[in-house]
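My structure is below; once you've seen it, I'll send some questions.
We just call them A, B, C and D in the order they show up, numbering each chain from 1.
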Amino acid sequence: MSAKRSILCAIAFAAAAVASAAPLPATIKIGVVETLTGDNSAYGISIRKGIELAAEEINASKLLGSSQLALVVADDKADKQEGISVFTKLINDEKVSAIIGPTLSGTAFAADPVAQKAGVPVLGTSTTAVGITAMGDFIFRDSLPQAAVIPGTLAAVIAKYKPQKAALLFQADQEYSKSEADVFKASLAKLNIQLVATESYSKGDSDFRTQLQKLFSKKPDILVLCSLVGEAIPVLQQAREIGITVPIVGGNGFNSPNVIKNAKEAAEGLIVGSSWFIDSVVPKSKAFVEAFRKKYGGDPDQFASQGYSGLFIVANAIKGSGSADRTAIRDALGKVKGLDTTLGSFSFDENRDPVCQSVPLTVKDGKYVLFQ
Amino acid sequence: MSLLEVRDLEVRYGSIEAVRGLSFSVEAGAIVAVIGANGAGKSSTLLALSGLVRASSGSIAFGGRDIAALRPDRIVRAGLVQVPEGRAILAPLTVAENIELGAWTRRDAAAEVAKDEERVYALFPRLAERRLQLAGSLSGGEQQMLAIGRALMAAPKLLLLDEPSMGLAPMLVSAIFETIAEIRRSGTTILLVEQNARQALRIADSGLVLAHGRLFKRGPSEELLADPAIVEAFLGKA
Amino acid sequence: MDLSLLADPVFLAQNLVDGLSRGALYGVYAMGFTLIFGVLDILNLAHAATFMWCAFVGWLIMAAGGAPLPLGLVAAMIAGAAIALMLEFVAFRPLRREGADKLSSMISSIGASLIMVSVAEAVFGVQTRRFPNSVLNPKPFFIGGAGGVRISRAQILILAASVLLMVALGLFIRKSRMGKAIRAVAASQKAARLLGIDVNSVIVVTFLVGGALAGAAGILVALLTNNIVPGMGNQIELRGLAVVILGGMGNIEGAVVGGFLLGLVETLTIAYVPGGSDIKDAIAFLILFIILLVKPNGIMGRGKADRA
Amino acid sequence: MKIAPWAVAAVVVAADAYLCVKNPQDLDRLLINAMLALSAFATLHARLLSLASAGFAAIGAYASAIFTIKLGLPVYLSIPAAVLACAAVALVIGLPVLRLKDVYLAICTLGFGEIVRVSIILLPGLTGGATGANLSTGFAYEAMKKTQAWSLALALAFLCYLFWSASRSKTGRALRAIRENPEAAETMGIDVVAYKNMAFLASACIAGLAGAFYAHSIGSLDNGDFKFNRAVDILGYAVFGGSGQWFGPILGAGFLTALPILLRDGLGSSIGFLKDFAQLPNILNGLALMLVIVFAPGGIAALFVRRGERRATGPAKAMKLDALDVLAFAAVGSAARDSAARGLSAGGPGTFLSLSGVGRSFGGVLALSELSFDMEEGRIYGLIGPNGAGKTTLINLVSGLLPPSAGKIEWLGREIQGRKAHRIARSGIARTYQNIQLFGEMSVLENVVVGHHARIRSGLLAAWLRLPSMLREEAEARREALGLLGRLGLSGLAGMEAAKLSYGDQRRVEIARALALQPRLLLLDEPAAGMNEIETAALGDFIVDLKRHGVAILVVEHHMDLIMAACDEIVVLNFGRKIAQGSPAAVSRDETVLEAYLGRE
């Protein structure tokens, strides 16, 4: 099944594999640094589940021959100092071959340089901020930056609704939401849609009625919401509560089964753009969702999928390089092209950023479907 | 049997021994004055009786029952009530509320309590005038009246008074002593700690003289007032 | 100022409704906090965690257990009282002795809070929990037709509850026998002891009442925002502190008035000041600064003498 | 429960050393936290419950980042520049905010942190806004990284030295006095407001320094780095470690930084059931925090203090004033005259102290009105009257604790009404209190040495340099203070904690402390309260003796024996008005006085 395909893909790395003759060690340690406690742990826990599932599959399928991947999981607590401390520990004490993480871009900016300096490849599976991969040639990510998703989503919306005016709500003190909002603003301007009002809230807010009311009073044709998963649900519900019926375009935070599950009818008609969604027809993805449900008894989200694919990407790079050497893995990662993942066909560009599909989705009858 | 029997009482604060092996008793219906120099252990003794500091050893029998290990509120409930040095009135509460709270431990009928309330206001007409005033706004003398009145509301069998005359104008000092005598006439036993030793002994039946945490001398008031050694050391020239 | 909006009376009325209900939420939270401070002079930084746990208990009973709203409210208040009682025994009473720094209790409450939030995370996870519509129909009423002022059932509930709780607590503290004992302990523990008041049990009652208020706040906030997460305490803690200070530490009515004030100011800032939503957090504290410069004991503070 | 403090400290230090050897990155974290803890200590120690450290750290961090990235300043310049920026902000916000008390100050300074955070978000051009500032791509970063740990350690060590030396000087003593009792400190000639401002400024600078180091250690900043929780954490380090001693916060930071790391490393997260229980280290962390604070409720540093200093060196001697060494005592009197001549010789003859038309009201109620009387040098004045007559108010007015609402107070020819209490104290007026106001947790000797505050010239700089002149002055002050205690029969108690003394002994210490100011005028508010007749009489003799050595005295007392025996002149107040003035004999026969105060036998 899925492992077979991976092996097929790995043929692309055959040349590199031949070049290094030394056999892989019996266990290869991969560091997993995620936010596992605190407000932001929803992402970290989800990613970790995806990665652990991937590790099981990789080890069971003997993707790396007799070598086994051993995960060393650590909690970065969404704290910069802790991130640095954990990275150092994994690199110096645990001698990991590569690190997947950290969860938040802010932590990545602090911790990734540690790995860069030590020459340990890092693969971010949820860091989307501008400048992450610019920190060095050991830093990769498989999470699509917002600029790669949003223009496509908006284009699809324009095609259907022909909006003239848009209003925007985002979280002012959150780096992810802020940069997503910036990309939305730029894209709207490029597409000649007038941004009639922008409002923000801050961490800790749970009552957004006033902001929404004010946005609503400007009579926009579409409403753009940039929230993280936690706030996405109440924002949606309150928007519907005060009677906003115009199409709502959500940022990445709205692409979660949780949103549908909790916001219920308020989520109907919501439009999001994403590299992955639960009903994705990509074959790898179907198998992943099935395996995930079986192991954890719930639906995976985009972060689990990106984490799952992340470990496969790393494993394939190890296989490709035929070595657990950090630099060799880095070199092999740089050569990943057209790898079959849950995110579809996956490549890294020359800046070590991901190249993969992104599709506009909408919520219909409690499910994400392709938006047309 | 005496109302209060103290045996070998010791009180320590860390390395300091404030009371060392003190024994005395108080008979029901009496006024007993406790006099002595500063640091002789008078206040410490009272605090130990009320359970506000724990005796490190010794026994305190009140009405035949050992109260040395009881919580302060239980001791009040048993009928041993203290008016502390510095009065400790509840400044942000009104006079009436202070008086009312004095009866906190009483479980008898509300009518009884109300009767006692009237008795206290009769004893201290100044307080009656100021019922709704905040206690913190009273003058020093009025606060002392309030503290005593409030203690009476608990229907004490034994009333401990710690320096009731401290900081009061001479006119008020004699008034307070008169009040104390009157309280005794109504049947309450009183243990009185005073720096104003001469006046205290005058209204007391007997006296205890403390020095360095020990009992230095005890006896009927007249005897102590006449004892040249006591006069020399504690009373000064009349 | 956004003048086009200023001219719209419905928008203004809407903001007043939203601001007052937001403020009511701050007020209910702050009431319990200020009560405990008034009596013990201690900042109970585990109050927010208590509040959060009560929201979860209410959610468990109503969403998962299917209990009706009044039962959920009662359960949350009982849970709050129970948690506060536990805090008193574990975090505060051991430190209530001579030589203990007042701030030590604060540290101890931080420790307790850390444990409570972590346990909630471990038990419930950090995903948002929500009430089903069966608990409280989320469909708002519109006063004056479809384009009129919207007021939700949760808003009505929280406005009513805040005033009711304020009056009830005020009466309890001022008139009841136990209320007077609480004030006595607040004024002087030594004096209260000499009156035969069992100070520890009065403090226990204080914690029970304060905890129950945290419980009420937890469930009401949960209903209003329909967003129950282990981190929800952080969200209200800072505002709660500001409200308590605005109203004067230990002043119960002050807490509610301060809550309303902060809620209104925040809402009106968002509504009428251009870019207001960006600065609303700072505005709250700027106002706090200004008020404290003029009245260093808060708007209704009259110093320690009239506390609790 | 007895805990050996050195063992606790050793465990903390060993744990931290182990961590830093194992993971050098944790050294930065530890040192920065220790520095932040010191910044919290600086305010806490001056009785300011400030939570501004996180806000100042944010300013320091961003300022140094901006100076480095935008202005291209080298790191060794950008960090000091950032500290200066913090100092500037502290000066501006300190003025209004420091008037607030306790929790009000705490919440207000929390608010300050919140305003700083929002400002960071609102200034994206400067700070990167919500997306944060990133130094890691800046050129300074790598250079800084190499030098980080040792420069940080050096800076912290230097700060420790400053705190250590300051704590053993008049500055440290003044701050301890303020911590214990700001009002009494003020009337001992300590400029409380200035010291509080200084403490706030120092705290801001240290926090800024820590923040700047943080910026260069982490390499990236965002607005979440110094939020509310951080502010509380920082205060936690200081309280947990103990705010009484400068090394407490460092131990506290050491403990509280190491604990979560040790728990994390000790438990791992890949073992068995812990795999899905990532919260366990946090839970144990909280539990440990509570347990330790229960055993060391005054903080770790308090464990050290309880032992040495506060032991009585001998039993209190009875007040034997007849054994007063008159010759030695004369030194006090002459010194008093010297100090008077030094500072305030401007006054013409006859205007020693003069009150004219002095009044004071509280919320509309007149406590004193239209009070006029003069005092002459070297005489004893008694002030008597019923409770609430305004006697203590008068003492508060003369000593500067309250400004009069009307009238004029002239002292040595200058009007002093409305002047700050510490200046009045320095000009030669000392006082005692009706409710004793000692510095309770300080030793008896230290209490008295506080009285030398104004006369010790060596300031903070001298303390930091440990100049011999400063050491000499300190030794001299202690010697004099011991002498004074000896004369009051208190030398056996010099090492005792003042609060542990009996009431009467505390009164004597208070008098000794007031005399240490070498006053020309001594205001005594009910000095004999809590004394028996014998002691009261001895006190009377003592007062008369003081007069003989050139100190004028105004004494409020209800003990009429003392008043009649000691006073040269008596002023009688009733309901805030003077109802009589004259010799003891005259006053005791005065009908109005008998009516209002003395009563008739």
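Note that a residue touches a chain if its C-beta (ideal position, glycine included) is under 8 Å from a C-beta of that chain, and two chains touch if they have at least 3 such contacts.
Treat the numbers as computed from the prediction; the structure is a model and nothing was measured.
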Tell me which chain's centre, taken as the mean of its C-alpha atoms, is farthest from subunit C. B
State the pair of chains with the top count of C-beta pairs in contact. C-D
From the C-alpha centre of subunit A to that of subunit D, how far is it in Å? 54
Separation of the C-alpha centres, subunit A versus subunit B, in whole Å, is 76
Between subunit C and subunit D, what is the gap in Å from one C-alpha centre to the other? 34
Mean-CA-position distance for subunit C and subunit B (Å): 44
Send over the residues of subunit C in touch with two or more other chains. 118, 121, 234, 238, 278, 281
Counting only residues that touch at least 2 other chains, which ones in subunit D make the list? 117-118, 121, 278-279, 282
Touching residues on subunit D, where the partner in the complex is subunit C: 49, 96-97, 99-101, 103-104, 106-108, 110-112, 114-115, 117-119, 121-122, 228-229, 232, 235-236, 239-240, 243, 277-280, 282-283, 285-290, 293-294, 297-299, 302
List the residues on subunit C that touch subunit D in their complex, please. 37, 43, 45, 90-91, 94-95, 97, 99-101, 103-104, 106-108, 110-115, 118-119, 121-122, 234, 237-238, 241-242, 244-245, 249, 278-279, 281-282, 284-286, 288-289, 292-293, 296-298
Subunit D contact footprint on subunit B (complex, rising order): 13-16, 35-39, 43, 85-86, 139-141, 163, 166-174, 195, 197-198, 212, 233-237
Quick one: in the complex, what on subunit D touches subunit A? 22-26, 28-29, 117-118, 121, 129-132, 134, 136-137, 141, 218-220, 222-225, 261, 264-265, 269-270, 275, 278-279, 281-282
Complex contacts: residues of subunit D adjacent to subunit B: 310-312, 315-316, 318, 385-388, 434-435, 500-505, 526, 529-537, 558, 560-561, 597-599
